[in-house]
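As structure tokens, the structure follows; a few thoughts come after it.
Chain lettering (A, B, C and D) follows the sequence in which the chains are written, and residue indices restart at 1 in each chain.
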Amino acid sequence: MEPILQVKDLHVSFKVRGGEVKAVRGVNFEVGKGETIAIVGESGSGKSVTAQSIMRLIPSPPSLVKSGEIIFQGENLLQKSNKQMEAIRGKDIGMIFQDPMTSLNPTIKVGHQITEGLIKHQSLSRQEAKKRAIEMLKMVGIKNAEARFNQYPHEFSGGMRQRVMIAIALACRPSLLIADEPTTALDVTIQAQILDVMKDMQQKLGTSIILITHDLGVVAGMCDRVIVMYAGEVVETGTKWEIFKNPSHPYTQGLLRSLPRIDQSKDEPLIPINGTPPDLIKPPVGCPFAARCEHAMKVCERIDPDPTVFSDTHMARCWLHHPMAQEVKSS
Amino acid sequence: MKKQRWLVLLTLVLAVGMVLSACGSSNNSGNKGASSSTDTSSSPSSSDAGGEKLAADQTLRINFAADVPTFDPAQAQDNQAHTALNLTYEGLVRVDASNKEVPGVAESWEPSADGKTYTFHLRKDAKWSNGDPVTAHDFVYAWQRVLDPATDPAPAYSYQLYYLENAEAYNKKKITDFSKVGVKAVDEYTLEVKLTNPTPYFVNLTSFYTYFPVHKSVKDNPKWATDPSTMITNGPFTLKSLVTGQSMEFDKNPNYWDNADIKLNKIKATVVNSSATEVLSYQNGELERAGKPNGDIPADQLPILKDQYKDEFKLDPVANIYYYEFNMKAKPFDNAKIRKAFSMAISRDDIVNKVTMGGEAPAFGFIPPGIKGAESNYRDEYKDDFFTEDVEQAKQLLQEGMQEAGYTTLPPITLIYNTNDNHKKIALAIVDMWKKNLGVDVTIQNQEWGVFIKNRQNGDYQVARAGWVPDYNDPMTFIDMWTKNSGNNDIKLDNPEYDKLVADAYTNSDSKARMEAFYKAEKILIQDEAGVMPIYYYTQASLTKDYLKGVTIDYSGAVDYSRAYLTEHK
Amino acid sequence: MVRYILNKLFYMLVSLFILISATFFLMKAIPGDPFQSEKKVLPEIRARLDEQYGFNKPLYEQYLKYLGNVIHGDLGISMKHLNQEVSDLILKTFSASLRLGIVAIIVSIIVGVLLGMLAALYHRKLIDNIAMVLAVLGIAVPSFVLAALLQYFFAFKFHMFRVVGFENPMDYVLPVAALSAQPIAFIARLTRSSMLEVLHADYIKTAKAKGLNWVTIMFRHVVRNGIMPVITYMGPMTANIVTGSVVIEQVFGIGGIGKQFVESITNRDYTLIMGITIFYGVLLMLARFITDLLYVIVDPRVKLSSRKEG
Amino acid sequence: MSLESSAAAKQTATLTPEDFSKISPADKNSEVIHRESISAWKDAWQRLLQNKVAMGALVLLLLIVLAAIIGPRISKYSYDTNDLLATNQKPSAEHWFGTDDLGRDMFVRTWMGARISLIVGLSAALIDLLIGVIYGGIMGYFGGRVDEIMNKFSEILYAIPYLLVTILLLVVFEPGLGTIILALTITGWINMSWIVRGEIMQLKNREYVLASRSLGAGSGRLLFRHLLPNAMGPIIVTLTLSVPNAIFSEAFLSFLGLGVQAPVASLGSMVNDALTGWMYYPWRMLFPAILISVTMLAFNIFGDGLRDALDPKLKK
């Protein structure tokens, strides 16, 4: 599959009082055409920062891309001027945010929030843009779209607003959609609907999707590949099946264990991951997960492990896969 | 939804429109004054007056600290109205710079032998601003208006006319026939006035605004005195425009009989009640005159301005007195010795030299210099040496007084004054002197004017600040207020001998004997009873540009700008 | 909508009624009356005046009579400015206050919003600091001090303006500056914090994600939402400016209604006190009402039926 | 797909089996995260401590209060003793801040004035707080009809021009500190009550309140143990900002001649006294004017800092 986006060794930091939060520390991944990948992790794991870095939406200062490359359709986005980025945002890459209640401007009619991008990127007239916007609203499953066009965000429910956000993000038919926790703020029943809309739209438009979530349940229904992030690093990547069937990083395992499963017996409790992520102002020298890891070994605290590759698509960064670890364990 | 928002917008537009239209109408009247300021009409005869070259633009700019409450002579009561009415009206006589009566509407007058009847001969060329002649009937009408019980509102100064025979009875509804009142138009140009008592100062009195004539047209229009266009006046100037709280403009009256003597073309007045602003405005060349009586100069600035503007700064002694009243019915001031002790324990020199700094004269009596006596000034004829300041004697008097009244310590004492910077400073200084010299603690309390005056007049006080401005140029105006039944006797002086002296003075036509009576009365008031504590005789501080000439200030401090003029200046 | 306005109107009337009643009795409770002066009015004349003005009647009767007159739109005749209709006096003097007030309000909003926006855009930079120091000074210096200083320096020392006068456009500069210093400061701070909030709002991210350019984002999205709190401040600001103009009118000798009000109390000009009270009351209620309506226009989330807090 | 699979074990050479022994949970040098474990109040306090400008303002305020307390005592002069031989003196070694028009020492008077102004400001703010919290608390807690009626009442009261009521009150009652404070609080509490009402209304539907209620906590306990403490942030901020407001209003009343009784002075009345002659005796206005401005500034800045510290929206 031909990648439309490659993220190479991305480092992003935030300046705060008392130091620099190293939010993203050497992230690598790529997204293929028409592919849906998920970036999974707890809050603060750097997944949102990564996504927003692609769009160059993180405010700078205080944030700063220290190093790395983001190659989109063969061009490094990090070297684009603001003007050039404006031409890419919304047109080639669309984005949906977590909270549909706050992502729409409360004082502007919903329709106009959709047409704004169309008028800018596709030089449509107001009339044409309105036609397209109504079309989009219909596509994302909003009934009575003509009337809805003239309403304000507060007249929409949360789910409906997220549909509008999808319509906005996809109005210009971008080749990549970044969805930053699009369902987190929604009711469970609505979540499924939104995911369906996204899937449906992907089929219709052939868009690649980066889905950012902390919810592995969402991943299962939607994605081709999964990237697990922890403390600013990618700790495991793999296809959906590899991750679910054969999670190779204790953190991934932990995430899966904390998820209710249908085949789970009643007595088997859900197991949370104890502890909290490390302070990224002074990231640990070793494996960042060591402090919370039940399998932690002495080496974990000292040295951050390199990736262990299991297949073309599957890798994890964990000392447990080191040959020596296997020996110690079996001995 | 859409519809609703339109409705909102509509309501908004309507509401704003309402407000704007409300003020639009009054804007016009404001502009009237502004636009007329540009027309400089015929400049005065450039012939020089006594070697001085007149300025081409004879526009005088002055300030009034408050609006003129009324332009109706019958209703006027205050300084502002006094100045304005002196410009717009003229009575039977005028008072000149040396306080002498000179012909006004009356060309001449003569008293009868008993001093109870005056006959005024009116000039034939006196005209109202609309061209009508001013006749004796206009005076009769005006005076009847003042005295008529039906006049609404009742003129508070009607008592100024009580010298006329039966005037008081008519005003108090004891008689209803006005023809019994002592004023009669013998013919168009002869006015005969009968008085109850011989009143040597009566002619002078007719220069006072309550005695001014009023045009008969006012009968049908109760609002005539609020609008320049309906004011028909007979003075040297007419009111041209009036913007409440903002400005007034007076134009020279072409119909005035003596307009050849009137050199000013126009008088523009601002209405600013901040004395600091007034002085700044003067310093900035926006006024030709600032200060009393219509405005004020901040006490803080007096000593500085006195030096900085040596040629422009003026302190005119005026026949007003600043004093404290002791409530003779309230403890501990029901004891004469205590009152006297307090009065003797302060340093009036310090107050005028270091506190007020307005060149006032320390007062040891009650009748100010500038009030006429038998021959010359009363104060020149009778010295105010009723007591001297003496701390030791004051202490002793206080001891004696306390013993008489049976005090070991004095009850708490509060001094009240009405809110004003100058009163405050004086009060603070005096209280401090009492403390230092007598060892007495006195609390001071400032009260808002209305509250203060109510308390004082009701006798709800121990010591109160007071001031008195004469109604006419005779000691009587300072003396008859302390008779038992006088409404102004706030100290509650009750001295039969005093009352008898006043009664005698009323009926006596012999000047010398009257003055003698006043002196005896004053002695009772200040020396024996010590019911009031005189502090100083006022001066009036003002700043006058050196090119402004001919402004006259009368004995009471009232100002007359009608004969003023501007000489050439930069 | 109509129902909302009627409801609002009803409560305004209730407020007005309470205001009138409270002021009436409070005013009558003040010692003194319009006829008092250093020289006491003769008792007979006094009695006649009392009769003419109805002061000899029991208080409740005077009150009911006044209320009746007000309902018929009659504010009566001033007791000090003889024979002048109170309504005339109010309109005449309000003309000056309105001119001063409107200019001050406009200046406050424009300068305040601009300062606030600059400060927000250059957050934590020099411009921000300068703007905020200015804003804070506006809050910290009493208006009567500011007025006196402005007058002294700019009119007297530098001869740039007249000390007294209110006719030419130039005459407005100093009083307006003194009067709007505080509202400017307030609006600038309000705008700054609200702009900062808006700048960090999610929907601004959405707008950026759409690829809109900076200018469009600023004008379509940021400014409109950022100045919304300023609208809520319009009501209190009107009150502030009306109150503040009492001082400014005194210092600059402007014949406005504020000066008139203070004088009317000193003079115990009952009818004028009541008239101005009612006028102020209606004015402020109207200002608040208009603010509410404005808010509805600017913010589609606000419905007329639900009032905003604070 | 090519994964980054370069030298998977660059340091493997130095590793020993010992490195791969498991660490017991007890030995873990687990990350102790401080942020979550401290209470919201301490958290706010720490944020405040970090805000240098706000802390500067607080220190300044404390200094002013201190000076207002001891300032008049360290001088040999008394605030109300006249010295007519030494009026309007420039600042000197004898009189640090000069003297006024009656020769009174300006240093003592300035600090006495500060004392009075602070008393007025603080008392007015505290009374506003008391009435506002009770009234607003009742409105917010009971809601419904009670709220509707009480709220309408406060709205009606709020519609009455404050200046008017204040002036009338000051003229009706005996002038003095008490009357001024009364006049300032007569409508001052309304704003506070609305803030309290809004907070309580928001809070009372929170889970912990519902939980507490379901456990049978009484109204009083709920209001005072659960609701008010949690509404304290906005209340404190409003309180801080209403102190300078009251000080300013008193100054404004002084300008109209309705301030405190002489010889007692507030900063406002001193400025007003000096206003007519300030161009000749600038020190008489300068010291009290600067002090009043600095006080206003400090309260405002500190209030802003408090708001920032207590506002969870700005938490990073």
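One rule holds for everything that comes next: a residue touches a chain if its C-beta (ideal position, glycine included) is under 8 Å from a C-beta of that chain, and two chains touch if they have at least 3 such contacts.
Because the structure is a prediction, the values reported are computed rather than measured.
> If you average the Cα atoms per chain, which one ends up farthest from chain C?
Relative to chain C, the chain whose C-alpha centre sits farthest away is A.
> B-C versus A-C: which interface comes out with more C-beta contact pairs?
Looking at contacts between chains, B-C has the larger number.
> Please work out the Cα centroid separation of chain B and chain C, and write it as a whole number of Å.
Distance between chain centres: 36 Å.
> Centre to centre, by mean C-alpha position, how many angstrom separate chain A and chain C?
Here chain A and chain C have centroids separated by 53 Å.
> Provide the C-alpha centroid distance between chain A and chain B, rounded to the nearest whole angstrom.
88
> With chain centres taken as the means of their Cα atoms, state the distance from chain C to chain D in Å.
25
> Spell out, as numbers or ranges, the residues of chain C touching 2 or more other chains.
30, 148, 152 - these are the residues of chain C that touch more than one other chain.
> In chain D, what residues contact two or more other chains?
In chain D, 171, 275 touch at least two other chains.
> If you look at chain B, which of its residues touch at least two other chains?
Residues 276, 448, 450-451.
> Considering only the defined contacts, which chain C positions touch chain D in the complex?
Its residues touching chain D are 11-12, 14-15, 18-19, 22-23, 26-27, 29-30, 136-137, 139-145, 148, 152, 197, 239, 242-243, 246-247, 261-262, 265, 277, 280-281, 284-285, 288, 309-310.
> For a test of understanding, state which residues of chain A touch chain D in their complex under the given definition.
Within the complex, chain A contacts chain D at residues 16-17, 28, 30, 237, 275-279, 284, 290-292, 294-303, 306-309, 312-313, 315, 319, 322, 324-325, 327-329, 331.
> With touch defined as at the start, can you tell me which chain D residues reach chain B in the complex?
80-82, 84-85, 87-88, 101-102, 170-171, 175, 257-258, 261-263, 273-277, 280-281
> Give every residue of chain B touching chain C within the complex, in rising order.
Going by the criterion above, the answer is residues 3-5, 7-9, 11-12, 15-16, 19, 22-23, 25-27, 29-30, 34, 63, 66-67, 69-70, 72, 75, 77, 149, 152-156, 158-159, 171-173, 222-223, 225-226, 243-247, 270-274, 276-278, 280-281, 283-284, 286, 448-451, 453-455, 457, 466-469, 471, 487-488.
> Can you tell me which positions in chain D touch chain A when the two form their complex?
1-12, 15-23, 25, 28-31, 33, 36, 50, 316
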